[in-house]
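To keep things simple, chains are lettered A, B, C, D and E as they appear, and every chain counts its residues starting from 1.
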Amino acid sequence: MGMRLVSLALLIAAWYVGSQLAGARLLPDPQAVALAIVDEARSGALAFNLGATLARVAVAFVIAMALGSLIGLIMGRSRIADRLGDPWLIVLLNLPALVIIVLAYVWAGLTETAAIAAVALNKLPIATVTVREGARSLDHALDDMAQVFRMGAWTRLRHVVLPQLAPYLAAAARSGLSLVWKIVLIVELLGRPNGVGFEIGVAFQLFDVTRILAYALAFIAVMLAIETFLVQPLERHVARWRPRPA
Amino acid sequence: MGMRLVSLALLIAAWYVGSQLAGARLLPDPQAVALAIVDEARSGALAFNLGATLARVAVAFVIAMALGSLIGLIMGRSRIADRLGDPWLIVLLNLPALVIIVLAYVWAGLTETAAIAAVALNKLPIATVTVREGARSLDHALDDMAQVFRMGAWTRLRHVVLPQLAPYLAAAARSGLSLVWKIVLIVELLGRPNGVGFEIGVAFQLFDVTRILAYALAFIAVMLAIETFLVQPLERHVARWRPRPA
Amino acid sequence: SATAEDRIRLAVQRTGTLAWELDVIRTHGLDRKFDLAIETVELASTEAGKIALKGGSADLMLSDWLWVARERSLGDNLVFYPSSSTLGAVMVPAHSSIREIVGLRGKKLAVAGGPLDKSWLLLQALARQSGLDLKKQTTVVYGAPPLLSEKALQGEIDATLTFWNFCADLESKGYRRAIAMDDVVKGLGARGPVALVGYTFDGTWAVRNRSTVERFLAAARQAKDILASSQPEWQRLAPRIRISDATALAIYRQRYGEGIVRRPFADEEADARALYLVLAEIGGAELVGPARELPAGTFYRPAAAE
Amino acid sequence: MSPAGARGRLDVNIKQKSFRAASGGKLHVLGELVFSLRSGELAALVGPSGCGKTTLLRIVAGLDRDFDGHVAIPAHGTLAMVFQEPRLLPWRTVEQNVRLAAPRASDAGLEMLFQTLGLEAHRDHYPGELSLGLARRVALARAFAVKPDLLLLDEPFVSLDDALAARLREELAELVNRRPVTTLLVTHNVEEAIGLADRLLLLSIGPARIVADVAVARPRAAHTPAELAALRHEIARRLNQPFSRENL
Amino acid sequence: MSPAGARGRLDVNIKQKSFRAASGGKLHVLGELVFSLRSGELAALVGPSGCGKTTLLRIVAGLDRDFDGHVAIPAHGTLAMVFQEPRLLPWRTVEQNVRLAAPRASDAGLEMLFQTLGLEAHRDHYPGELSLGLARRVALARAFAVKPDLLLLDEPFVSLDDALAARLREELAELVNRRPVTTLLVTHNVEEAIGLADRLLLLSIGPARIVADVAVARPRAAHTPAELAALRHEIARRLNQPFSRENL
């Protein structure tokens, strides 16, 4: 925790120095951005937009992670599913976000559903790819053990498979959350009347770097808090059986 | 290979049916897109733009993977590095692509260097996060063995560490390549005079879905080819020691 | 309360002119006066409007007739009604030596909106008349307009062709309009200021909702007149436009006022027809689609004009 | 062939089993292997290192179906196996490891089992915190807790000190005496085999065949030293005879 | 304290070593443990399962530095260890596994070694394609190939059939005779210990201490049955005496 604060302080110091070197117009200093955050917070706009974005991020993330992990698990364990699904996966993986978003909006209208579906579809293949690697490297020895002792499907999933997938799920979740957020920004830019992405889009039209950073940092602060108070304690708990590193 | 072709055929069939249902204006059918690809190929524009984008993707990808993996490895193995680096990582991870791209362009000019740096910076934290998970779950038993037999740093990296990281590197590479490509599109959209992203941006202004798909699919075809003829054989080679799945 | 016919859904870019007009309509109760229930889909980018209209999430948006013509030629029944003739310009620093089109030779020229931007195409067409091939004889940089403004201010670029509101910003920061697009258009044979931008909507929908459309166009027109004549309105709108600088605001007001369409409908259409040929030649099928000339029916004909 | 007998009966009828190595070669591991165990019978498999004992056990357990032949294991019976290495779930404690495999085991039964195996102090430890001997005992506890009808043991008592191993052998003998548990025990320890088994199946190397099927007269009871010596001699003779390369 | 003697000398001076378990408890594993081995001396560590033998070996190998005390291993000497489980790199073949640990081993030397250990046919196999006994032999080959000055063996000969184990014991004896290799051998097999060691170090359980340091008279040569019986008796007496809970 102490180390974390030191690191954050260093980050802000680096930012401050950078803004002094680059000039406030190109990189506003931390105070200016903090003030902008306070301003937006006072007007209620921050909470409103952040709330809208977070809700979208949360829903899309949960859908994409759940579906993506499931598909990844199946593809990693069954050769046929892998062969059949792989080209689809690569196509979806490499389809530009823009294409998916535009098609989703055009077909399902400028609705919340379309927005969330578009984000989830963008993230899904990445979760799938990561979890598939995990499923491929599952330990056959433990599988055999579970089979000999006739463990049920649920027991196997929960006690044999998931703990092995944990690092892959962690990687998929962490990179996935950031990806979902990046795509939500584009989705909001292209077809939502609110949210951080919308505000950043507007600020960009005006080249208001301070406001862009204000909104970006507000979101990052939320992520840092989630990471520090939720994800990392959970991770420590899940990895408590591991011999500790130096 | 046969299965792969079947799967691709199914995908194209699904697309065809979709386009019949949605109407050609909203989702052009495969023939129309194929024709557009041929047109662009004839004029030389396809090769030119695809080449420009692929070059950017390749350079940014290599930089981001190399640096990201290195940092991930260090953070996964050293507790202090992890504590110190983690907040920076989360900030970088969650900084919107737009912010990084705009700042890069503003500081380094509308140059190729800025474009590639922006893409690499966007991808880097995702590689780091994935490889860090891998480094965290490295087998201590093998580490101990390597230490007892006084294996050199290079031998350890190549024969002990990298094979364990292989699935994480594969996940990072695969999801990373697609991410790099997605971001290259935005980078090109915002400030490059050529490339697939630029063309898609132009087509998007005209709402020319056929051209958008033509360029997107041309890139995907390249990715599919790389995957089929390069990545998967390599993967099979690297994983030849693994007991084969059912 | 409004009946179903009175409902009209607008795709509005938050920082765009339609948003200002809508603000005036609401503030002055013009919507109630014309018995309209105006719903808005607020969006952050221009392209989002096209998605909204195409996807059926909005009835009306702001666009240019070039795109409408292209869509028509591809089979979509969109129609266009002129709204504003305000155009951008090539902006240069105050001390720059660039004063006319030939001055661009060998310079670094930034172009907002990409290679198919209509102003850019028109500028190229005019340059050709003076034997100048801008694509070959200048260093062209494409990019997002806000980014290019910033680059211009940084001095990385000699001249910037950008949209009118960005021009106004640059002007307020001491930049000069070296080549105004109004002049370019005239140089290409237009008889007056051409309204490239206008209200765009589905033709079939317009037929079914003729009265609604026309009442909306009337309301919008009144809003424009209010805006053109009232300084306090601009003061009030400043936060929406997100401008605090008085100079900039004045330039905005001036340009906006100049752009209000005052010419007969037929003149607009005739000029559009002429410019279309120019654009089709220089942009090719990629830009205009299969049609050789402005497709018939591109311009919406209100009952009053018939 | 009474129903009770059939219930615990194990019929092994393997024609052949081979592995394809990653380097390309094909390894013919098991030859014709035919034997049956009556319900409750305990057979010891003795054979040189690498001859195919584990492969046979895996086939019997249903973990490897890629062989020619047929294996019938006790129908509806429960199965337990002690693998050659502990195979515990590293992320579950000792107690969880046992309970997950034997969800129906009673608290009291587990208590007893942990006591006998000297694991009381380690119930809450993770496998990574155990010595190998302790981990092997957990694997034994897991197999015993299941109360299996068919028990497969792959060298269960190695890596344990003599006193402990002796105690655990007794424990096994008791388990098998209490109710009929058809058991296959792989061991390199001929003494152990004689002490526990009803029958000794001696395997040859490459591809494995049964070179001798020796009945042990008074199962799981003390033998006189003379009887033992005779048996050992017999076994050594049989094991040495059929193959020349590997000299046992 | 000749230079040659000091070069291969091992000094162990452990005050205490404890583990903190994930569940919170603290386990005091090693008590005061002080002993030295002369260059080329082979000591067998004998003690009950879970008493701390592996922990001691890890400390000597420098793998665990979290203890009170001091260990001096042969300076500049090479080290080799046979872990309690094979610990091979699964993604490298048998031969690669050995060569990576012993890059200076000669082709002829390896050839010989693989022959002795019965591994010729498995050079190109991956560890996943080996039986446990084969894998253990690869681990032995790896340790022998290094030509170590300090050799740590954690139950090296379990999971092997008697004949093979005997042959490998001879191989070890020869290796140690050819040039001075200071060796610590953990075993539960008292016969093995007597047969190979110059000294037996008997360990007690919880926390481990040396309860007896028995010199074996004629090292690595045949003992008469009478001598053997006397030694066994002595060892059993010493091992049984100091602790009550675990009865050996």
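We adopt the following convention: contacts are C-beta pairs under 8 Å (C-beta built on N, C-alpha and C of every residue); 3 or more make two chains touch, one makes a residue touch a chain.
The model shown is predicted, which means the values in this text are computed figures rather than measured ones.
J.: If you apply the touch rule, which chains end up adjacent to both chain A and chain C?
T.: Under the touch definition, chain A and chain C have B as mutual neighbours.
J.: How many steps does it take, at the fewest, to get from chain B to chain D if each step moves to a chain that touches the one before?
T.: Step count on the best path from chain B to chain D: 2.
J.: What chain pair shows the greatest number of contacts?
T.: So the pair of chains linked by the most contacts is A-B.
J.: How big is the gap, in whole Å, between where the Cα atoms of chain C centre and where those of chain D centre?
T.: 84
J.: Round to the nearest whole Å and give the separation of the Cα centres of chain B and chain E.
T.: Measuring from centre to centre gives 49 Å for this pair.
J.: Residue numbers in chain D touching 2 or more other chains?
T.: 22, 85, 126
J.: Multi-chain contacts in chain A: which residues touch at least two other chains?
T.: Each of 26, 102, 106-107, 197, 204, 240-243 in chain A touches at least two other chains.
J.: Going by the touch rule set out above, which residues of chain C reach two or more other chains?
T.: Answer for chain C, listing residues that touch two or more other chains: 47, 51, 54, 144, 147, 150.
J.: Where do chains touch, given as pairs?
T.: The set of touching chain pairs is A-B, A-C, A-D, B-C, B-E, D-E.
J.: In their shared complex, at which residues does chain E touch chain D?
T.: 19, 21-23, 25, 47-50, 52-54, 84-85, 93, 118, 124-126, 129-134, 137, 155, 158-165, 188, 190, 246-248
J.: Spell out the part of chain D that touches chain A in their complex, as residue ranges.
T.: Answer in residue numbers: 58, 61-63, 78-81, 83, 85, 87, 89-92, 96, 100-103, 126-128, 142, 146, 152.
J.: In their shared complex, at which residues does chain A touch chain D?
T.: These residues of chain A touch chain D: 141-142, 144-145, 147-151, 155, 159-160, 163, 238, 240-243.
J.: For chain B, which residues are in contact with chain A within the complex?
T.: Going through chain B, the ones touching chain A are 3-4, 6-8, 10-11, 22, 26-27, 77-80, 83-88, 90-91, 93-99, 102-103, 106-107, 125-126, 129-130, 132-134, 136-137, 140, 167-168, 170-172, 174-175, 177-179, 181-182, 185-186, 197, 200, 204, 209, 212-213, 216, 219-220, 223-224, 227, 239, 242-243, 245-246.
J.: Across the complex, what residues on chain C touch chain A?
T.: 14-15, 40-45, 47-48, 51-52, 54-58, 144-147, 149-150, 242
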